[in-house]
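You will see two complexes here that share chain A, one where it goes with chain B and one where it goes with chain C.
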Partner chain A sequence: MTRQEFLDQVLSSLGRLTAEERENVRRELEEHVEDRMEALLEMGWDEELAESRCLEAMGDPAEIGRELARQYRGRGWLWIGRAAVLLTVVLCVQALLGIGVLFNAWDGLVVRTLRPQITSMLDEVEAEAQVDLRMDIGSDVLRVVRVSVGEVENQRVAEIAMCAYDRWPFGIVAHNCENWITVEGLGDDVRIHGGPASRTYGAECWQMYALPAPEDRSVVLTYSRYGETASLEVPLPEQGGTV
Partner chain B sequence: MKRKEKRLPSRRRRTARRVLVAAAALFLVNRIFLVGLLFPIQAVRRCEEREDTGRTNLVCRNWAPEIYKTGLVYLTENENVTMLSAVRLSLYGWIEVYGVPLDCTVEGPIHGGWWTLYRKEEPSQFYVFGRIDDPDIDRLNILWTIEGDGDSDMWVVSDSGEWMERDGRRYFLCSFGNANAAAYKFPLVVGCDEAGKEIARIGLEHGVVTVS
Partner chain C sequence: MKKQAIEHTRLLALSLLAGEDMYGYQMIVELARRSNHTFDMKEGTLYPVLHGLEQEGFVEAYRKQAPTGRERKYYHLTRKGEHALREEEAAWKRYSGAVNDVLRGGAEAV
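Let's look at the complex of A and B:
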């Protein structure tokens, strides 16, 4: 019996195998025969004789086939594996299509760890301080990054620059967070819209304004939504820029 | 030279490896790329995150082919919020179309809201939903005005038999289709008792028109 005949007999006893599995078995058996032959050839055996001796020593090919076939039972596993591969491919395509969404994750990361740039809308800045105050609001976190006192439209106001991001690093922030935050002393006449406020799935940044009295040393931000409330006291900077 | 012994991969082992890779890909794509949601309820969870409502429980789920062929409308609730969400299956997996949360923390006999989708300038569905907190209310009259050539008033009746109950709270969801929903104005809900006597009347101020 030649090596090819031996392999064919083993493979014919394996039953229903995929082409890949069949190839794996063939390679495994060939490597096995090669190993054994190598040892015999090193001992000075003739190649043809060594091969025939190896194949004899391996035993009945039909029996080997049946033993190996046990390893490949259960077509259910095969289908689950195929479904997993299909899912992985689909997910990779979706990730490629949605690569732009990574900017949201980046926004969230910047707002969480760095100091986001929020342009001041004040006409004249009297005092300014960089702060890092955080408060949990719902499933998000509110972060105050800068407090300024100055003038806008000839009115003395406190400007509070803040951001919101999800507690989970790559999560989604609730949209229009600013609608649920109020500042003590906020008057409709000084509500300033637009400017550098940014909104993505990852983070939202905006400014809010308060009308502090000269003796005020802090303002209070209050979050209230769906029965949940939270407050954060934000110290106002003094002349020269300290809190 | 001795060749390194290799273990022949079994179907189970190979499948386990593939499933692990798929699970890792699913986690990454779901959490970082925010796509690849396998189930519609995951898109509803996304609406919850976007609206910051906290976890809500399912009250009812309706197929809404008028919005999208794969569209589903969910009415979900918790103690403080009633939310109507629309989700659909897309190239990116299940995605949220919109979520309209209704704040139910303020005491009142009825909490109601509306939502409509105006898609490709085509008529779409008009949804009115909410929570009924007054146990005496047995019937709702939902009224609205249709703006157009000569405004006309319309109304529908929703009986308690059509309402849904969850954790002792009663919910209603009505949808009206085949009309220019963008022209529906001033929706109003009137709650009546068993005898038909008016108990409560609220204007549905909280509503959203989604243009797609």
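Let's look at the complex of A and C:
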């Protein structure tokens, strides 16, 4: 057997390997034979004899090939396993998107940390202030983000834009929680534009109105539900000023 | 028996690499020297063992110029490989210790 035949026979079992890996195996074995040959030649061996001695010392090429192939066997399953994990993750994300969990969590996050956009219903704005006042209402948090004074249908009102979100991220806000909030001086007839500005399971935003006397400097929001009460004083913006 | 021979080769290869990074032929020479030619294995069977260790992440291979001036594929023992070596070493010591105990018992009985 020549060196070439030996190598060919080892490689014939390695169909599973990539071309590059096969080339690496060939190179490595060839180098081994080269080193062994050199040692024998230095000892004064005849070249032909040295090669056959070398290949004999290497062992059975069929067995080496078989054993090498065995080391790379599990890899097909490895890739199938990775693909399965990836597919599972994709399906889980899709499922979460499908039932809106991620959108709810996102809404909760925006209302908690950023400045949510709540449309003003005032026909004319006298004064407006961006604020960030919070109070606990049950398991949720009420956050006042804007207070304006202006006119609606020729009546002077204070508009308070607010949101509610669960205390815990990913939590769900109590449904219709605006029903448990009252504003001092809120007249039934002033609830001009009914319904919340936006509502998801993660966050609710809405406006409330008060009829302040000209000397009033603030209005008070009161929460009352299941015997729990809380109140929050909301300062009205300075006349003509935008803070 | 062959399976056991491979297990032994694994342990020997790991412990050789614990000292320094080596290439295949160098490991064979070093093994023969250290064992006083007791381990007369077929040299080619070292490579399936090395490639298996590489697949398991116990060793890493890289190409570097050997002292002979030619480039060779060197193997380096990884952290994971060091850990595996310690475990296999302990298992081997338990096993050889047990064999010794049995042999000693036999000698005393004679």
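Assume the second predicted complex is superposed on the first by the 137 of 243 C-alpha atoms of A that agree within 3 Å, B and C clash if a C-alpha of one lies under 4 Å from a C-alpha of the other, contacts with A are read in each partner's own complex, and residues count from 1 in each chain.
Rule of thumb we're sticking to: a contact is a pair of C-beta atoms (placed from the backbone, for glycine too) under 8 Å apart; a residue touches a chain by one contact, two chains touch by 3 or more.
Just so we're clear, the structure is a prediction, and the values are computed from it rather than from any experiment.
> Of the two partner chains, chain B (first) and chain C (second), which one does A:Tyr226 touch, if any: first, second, both, or neither?
After superposing on A, A:Tyr226 lies in contact with chain B but is clear of chain C.
> Residues of chain A touched by chain B versus by chain C: which partner has the larger set?
Ranking chain B and chain C by residues of chain A touched puts B first.
> Determine, under the contact definition given at the top, whether A:Tyr72 touches first (chain B), second (chain C), both, or neither.
Both chain B and chain C are touched by A:Tyr72.
> Examine A:Ile99 and indicate which partner it touches, taking first as chain B and second as chain C; both and neither are also allowed.
first
> Touch test for A:Ile118: chain B only (first), chain C only (second), both, or neither?
In the superposition, A:Ile118 contacts neither chain B nor chain C.
> According to the stated criteria, A:Glu31 is in contact with first (chain B), second (chain C), both, or neither; which is it?
A:Glu31: touches chain B and chain C.
> One more residue to check, A:Ile160. First (chain B), second (chain C), both or neither?
neither
> Between chain B (first) and chain C (second), which, if any, makes contact with A:Ile64: first, second, both or neither?
second
> Would you please give the residues of chain A that touch chain B in one complex and also touch chain C in the other complex?
24-25, 28, 31, 34-35, 68, 71-72, 74
> Give every residue of chain B touching chain A within the complex, in rising order.
Spelled out, the residues of chain B in touch with chain A are 2-3, 6, 8-12, 14-15, 18-19, 21-22, 25-26, 28-29, 31-36, 46, 49-54, 79-81, 91-93, 101, 103, 105.
> Taking the touch rule as given, give the residues of chain C at its contact with chain A in the complex, in rising order.
Checking each residue of chain C against chain A gives 6, 23-25, 28, 42-45, 47-48, 51-52, 55, 68, 70, 72-73.
> Which residues of chain A touch chain B once you look at their complex with the stated criterion?
21, 24-25, 28, 31, 34-35, 68, 71-74, 77-78, 80-81, 84-85, 87-88, 90-92, 94-95, 97-99, 101-102, 104-105, 137-140, 166, 168, 170-172, 174-175, 177, 180, 201, 225-227
> For chain A, which residues are in contact with chain C within the complex?
Against chain C, chain A makes touches at 10, 24-25, 27-29, 31-32, 34-36, 38, 57-61, 63-64, 67-68, 70-72, 74-75.
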